[in-house]
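Note that chain A is present in both complexes that follow, paired respectively with chain B and with chain C.
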Partner chain A sequence: MFDIIVLGGGPAGLSAAYSAWKAGAEKILIIERDKELGGILNQCVHNGFGLHYFKEELTGPEYAQRFIEMLKSTNVEVKLDTMVLDVSENKVVSAVNSVDGFMTLEAKAIILAMGCRERTRGAIAIPGDRPAGVYTAGSAQKYLNIDGYMVGKRVLILGSGDIGLIMARRMTLEGAKVLACVEVMPYSGGLNRNIVQCLNDFDIPLYLSHTIVDIQGKERVEKVIVAKVDESRRPINGTEMEFDCDTVLLSVGLIPENELTRGAGIEMDGRTNGAVVFENMETSLEGVFACGNVVHVHDLVDYVTAESARAGEAAAEYVKSGEKNAEIVTVKNGEGVTYTVPQKIRRTDNKFTEVFFRVNRVMADSKINVVSNGEVIATFKREHMAPGEMEKIIIPKKILDSASAEITIETKCEG
Partner chain B sequence: MKEMICIVCPKGCHLKVDENNDYSVTGNACPRGAEYGKNELKNPMRMVTSTVKIEGALLRRCPVKTSVAIPKGKMFEVVQALNSVTVKSPIKCGDVIIKNVAGCEADIISAKSM
Partner chain C sequence: MFDVVIIGAGVIGCATAYKLSKYNLKVCVLDKENDVAMGATRANSAIIHAGYDPEPDTLMARLNVDGCAQAKELAKKLSVPYKNVGSMVLAFSDEEAATVQKLYERGVKNGVPDITVLSAEEVFEREPNVSREVVCALWAPSAGIISPWEYAIAFAETANKNGTEFVFDFEVKDIKKEGDVWEISSCDKSVKAKYVINAAGVYSDKIHEMVAEANFEIIPSKGQYYLLDKIEGKKANCTLFQCPSKVGKGVLVSPTVHGNLIVGPDATTSDNRDKVNTTGQQLDFVRNTAGKSVSNINYRNSIRNFAGMRANSNIDDFIIQVAADNFIDLAGIKSPGLSAAPAIADEAIKILASIGAELTEKESYVDSREKVVFKELSAKEKAEVIKKNPLYGRIICRCETITEGEIVDAIHAPIGARTIDGVKRRCNAGMGRCQGGFCGPKVLEIISRELNISPLEVKKDKNGSNVLVSETKEEK
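Up next, the complex of A and B:
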């Protein structure tokens, strides 16, 4: 019997396991399906990781390595090359690898840290032929950075998510011609610094409010037709542009990987596509915690690390003293808010509670209100908010004490 | 007059930098923007990250980076210099792979122990 089994050895799993160990849990196991720890960080060779957590700009592999080194000072066990197949309601984990074969492992607490996967072409249904040469940006990144080969020479990128932007620069520097980045929304989905350093630096045009209307080619992509879209994202006739290219990269977002979570019957949130969690990252199933991209898609790994540290501490606490029973405050999404994490807050003696959320449009000079019973009980000011940047508010205990059993987070734009 | 977006903080102010007037910056909401705008025109610097071939390791590519930022105009030259390089495992994170790459005051260092 393990104290804690952590599913997934990316930054979330590494941080959760390390914090659980520091908080006193003893028999901890990380199960990772890949041949090495580090998760998606291993293929993110660009820098920009760790500015908040380590106060330095690290590359993905360097960031992962710091945590792998930290784990060496603990007794945390690791099983690599091992695939978790199932998690049951009574916390039995079924997994398989080529050394141990099929195994069932029991734990007092479980931490879900399986990360997310990319949305694929089917998920957003582009019309046209189905030739070779259409990749998700992340798989192209993996081919280039881990295996060492380029997926194409003349590239068009659909979607302005960070992975696509990073790949635009990476492939350009490696000798490919990136013709354009095409984004259906009127704003970019990626960080500003990536627009500047990955597109502008190389004179790669960004077409906002545009989309691909046709992909042509028999065996391999030969031509892509791009058109402007109207406010309801429908292509406008007569605005078509042709691009001769052999490759299309899709950078159209990530989806948390939650087959195991659903299989365990854990309550899900349709907005985050992840589990509904309490302030300590516990799910609806007692003793099962979740953290990182499996809960909601993070833009910065530093936030993944912090969130996962909370999950690890809470799991260790659960192993020691069992479930906390307390009144629950439900968090609702108000005007301008797409989702919040946590979705539920227990009234504990925590001095404050952090609530993370995303807004649904770009907002200047705005207010974030916490509303209870139709009354604003706290207000936070922001000069700038955007869907691509996760927001955070810190609610002090006093405010939470004054709230009813349901609070709403809403935004009011004044600019 | 050059227009650019400040990337120092998420606000992303739209800056105008006047090359003919001692690189004076307008449109910035704070002093950090003025400094960014000036440097960006006078002497833009970038970190470069890439991979090199590695032999004897579990995987075939070793991630590398410049030890410090290099002049923006040198980016292609630096990446080019990596094409002919093969390193051998074991290699430690931080090991120098090329000294003074492309004549810059920066080294190419390994970003992973492999």
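Up next, the complex of A and C:
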């Protein structure tokens, strides 16, 4: 019987396991499906990781390595090349690998840290032929940075998510011609620093409010037709542009990978595509916690690390003293807010509670209000907010104490 | 020199090869592509129709009902995913209720077992997601769903075990006869045979015209589809048709054998027989039309769109005929061709016998197929297969839970996978919600290792569809 089993050895799982150990949990196991720890960080060879957490700029593999080193000083066990097939309601994990075969493992607490996957061509129904040469940005990144192969020479990127932007620069540096980045929304889905450093610095045009309307090519991509879209994102006839290219990279969103979570019967949030969580990252199933991109998609790994540390500590606390009963405050999405994490807050002794959320449009000079019983009980000011950048507010205990059983996070645009 | 050459390795050619392989005959199957099931067989609704659609006394009626019954048995014997889910034809008005009644009577005439007409309440009970506009429906419990490409692959693998040869990348350019011998040539190769069977799908008229006067014409009809995530898979319990029209059986909503939901097809004629592209306009049409049957499908859970080309013709039936001496057409095999496939094969063999082919059974032959499908095993069986072969303990495709062992099996099977899509068709790796985003690079690596070829040579699908174009750092 393990104290804690952590599903996933990427940044979330590593941080959660390390924090749980530090908080006193003893028998901890990380199960990782890949052949090494680190998750997607291993293929992110660019720098920019760790500015918040380590106060220095690291590459993805360096960031992962820091945690792998930290874990060496603990007794945390790791099973690599191992796939979890099922998590049951009573916290039994079924897993397989080629050495141990089929395993059933029990734990007092479980931390879900499976990360996310990329949206595909099929998910957004891009019409046209179905030749080779259409890849999600992350698959192309694996081929390039892990396996050492180029997937194409003339590239069009659909979607301005961060992986797509990073790949625009990376493919250019490896000698490919990146013709354009095309984004269906009127704003970019990626971080501003990536627009500047990955597109602008390499003179790669960004077409906002545009999309691919046709992919042509018999065996390999030969041509892509791009058109402007109207406000309801429908292509406008007569605005078509042709791009002669052999490759399309898709960076059209990430989806938390929650098949195991659903299988365990855990309550899901349709807006995050992740589990509904409390402030300590516990899910609706007692003793099962979730953290990182499996809960909601983060912009920066540093935030994943911090969130997962909270999950790890909470899991250790649960192993030690069991579930704490407390009144629950439900967090609702108000105007301009797409989702919040956590969705539920327990009234505990915590001095403050962090609430993360995303807005649904670009906003300047705005206010964020916490509303309870129709009254604003706290206000936070922001100069700039965008859907591509996760927002955070810190609600002090005093404010939460004054709130009813339901609070709403809303935004108000002043400008 | 072969006794029989079959042109086309789709489900019709492969079913015929399978059924012929128990006889003492030297048989060869030719295909212009690099694998079996590369045409209509890999892109269709995947339905085993019950047989109430075709007009009575047509080949389609007889062979459909026969093929539907055979499919159930064959799928079991050959380890092909199949489910006997039944089908409904939904009526949304009194006029359509009359059509349903007509289909019922036709079904009875065609010998379709156990069909009935269900009241609206009975429909809603079986299908809670169906539109409340439905007034009644035809219910055909014998209909089923199948993996069409696995059906063809299973036929081909088993035929191959019995000695049938398969030659790929062989595009027939010319067919000549010298004495009693047919000579079939591509650009650079030729084979000889006593009998030829034309199962060339959308090109069956072109092949026919190499040996005889044209007496039919293929009018290719393209159909486009949505395939949705398993989350949507329970929106239909059986195959839901709308009332048929002149252009076909219309847009259906159906579960698939893999647990997904399939929605489609439309029908548009096409002058390019190979161009199976999808279009925004027609995908909209498919969605909107399907909405009439089931309105709560969430298309954000779409995982793939595809289109297939059906070998429709100007004849209102399958074209099964002796086109020239010792040359048989299995042509114009439109819907319900997949359902009728094994019966069409029997028909071909009957004709072969009637024109003098000597059909003596082999002393021993294989007529079944087994394969490991890891995720369907019990915990104990899982442990056992991993003990026997540790590769079954490594999951490569996380969405569909496909192991390295199954992928290696697919590559080393009798007609083994050579491409990423070939692996997908044989064991389902890459068929799930991430569409090979995660497992694609791993499958590529396994193909490269098992076939001892450079990763640069590994193809996604047809020749020329290479996944990688160069190494990042060329060695000096």
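We adopt the following convention: the second predicted complex is superposed on the first by the 415 of 415 C-alpha atoms of A that agree within 3 Å, B and C clash if a C-alpha of one lies under 4 Å from a C-alpha of the other, contacts with A are read in each partner's own complex, and residues count from 1 in each chain.
Throughout what follows, contacts are C-beta pairs under 8 Å (C-beta built on N, C-alpha and C of every residue); 3 or more make two chains touch, one makes a residue touch a chain.
Everything numeric in this text was worked out from a predicted model, so none of it was measured.
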One more residue to check, A:P61. First (chain B), second (chain C), both or neither? first
Margin query: In the overlaid three-chain picture, which partner chain does A:H46 touch, first (chain B) or second (chain C), both, or neither?
Written below: first
Q: Would you sort A:Q197 into first (chain B), second (chain C), both or neither based on which partner it touches?
A: first
After the superposition on A, what does A:E36 contact: first (chain B), second (chain C), both or neither?
first
| Where does A:I266 make contact in the superposed view: on chain B (first), on chain C (second), on both, or on neither? | neither
Using the superposition on chain A described above, determine whether A:Y143 touches chain B (first), chain C (second), both, or neither.
-> second
With the two complexes superposed on chain A, say which partner A:E174 touches: chain B (first), chain C (second), both, or neither. both
- Message: According to the stated criteria, A:P131 is in contact with first (chain B), second (chain C), both, or neither; which is it?
- Response: second
Overlap of the chain B and chain C interfaces on chain A comprises residues 144, 146-148, 174
The chain B residues in contact with chain A across the complex are 4-5, 7, 10-12, 29, 46-51, 53, 58-61, 63-65, 72, 75-76, 79, 93, 111-113
Chain A residues touching chain B in their complex are 35-36, 45-47, 57, 59-62, 65, 144-148, 170, 173-174, 191-193, 195-197, 200-201, 383-384, 386, 389
Chain C partner, complex, touching residues on chain A are 33, 81, 83, 85, 94, 96-102, 104, 117-118, 120-125, 127-132, 135-136, 138-139, 142-144, 146-153, 174, 213-214, 216, 218-220, 235, 246, 259
Listed in rising order, the residues of chain C that touch chain A in the complex are 226-227, 274-280, 283, 299-306, 379, 382-383, 386-387, 390-395, 398-399, 401, 433-438, 440-441, 445, 455-456, 459-473
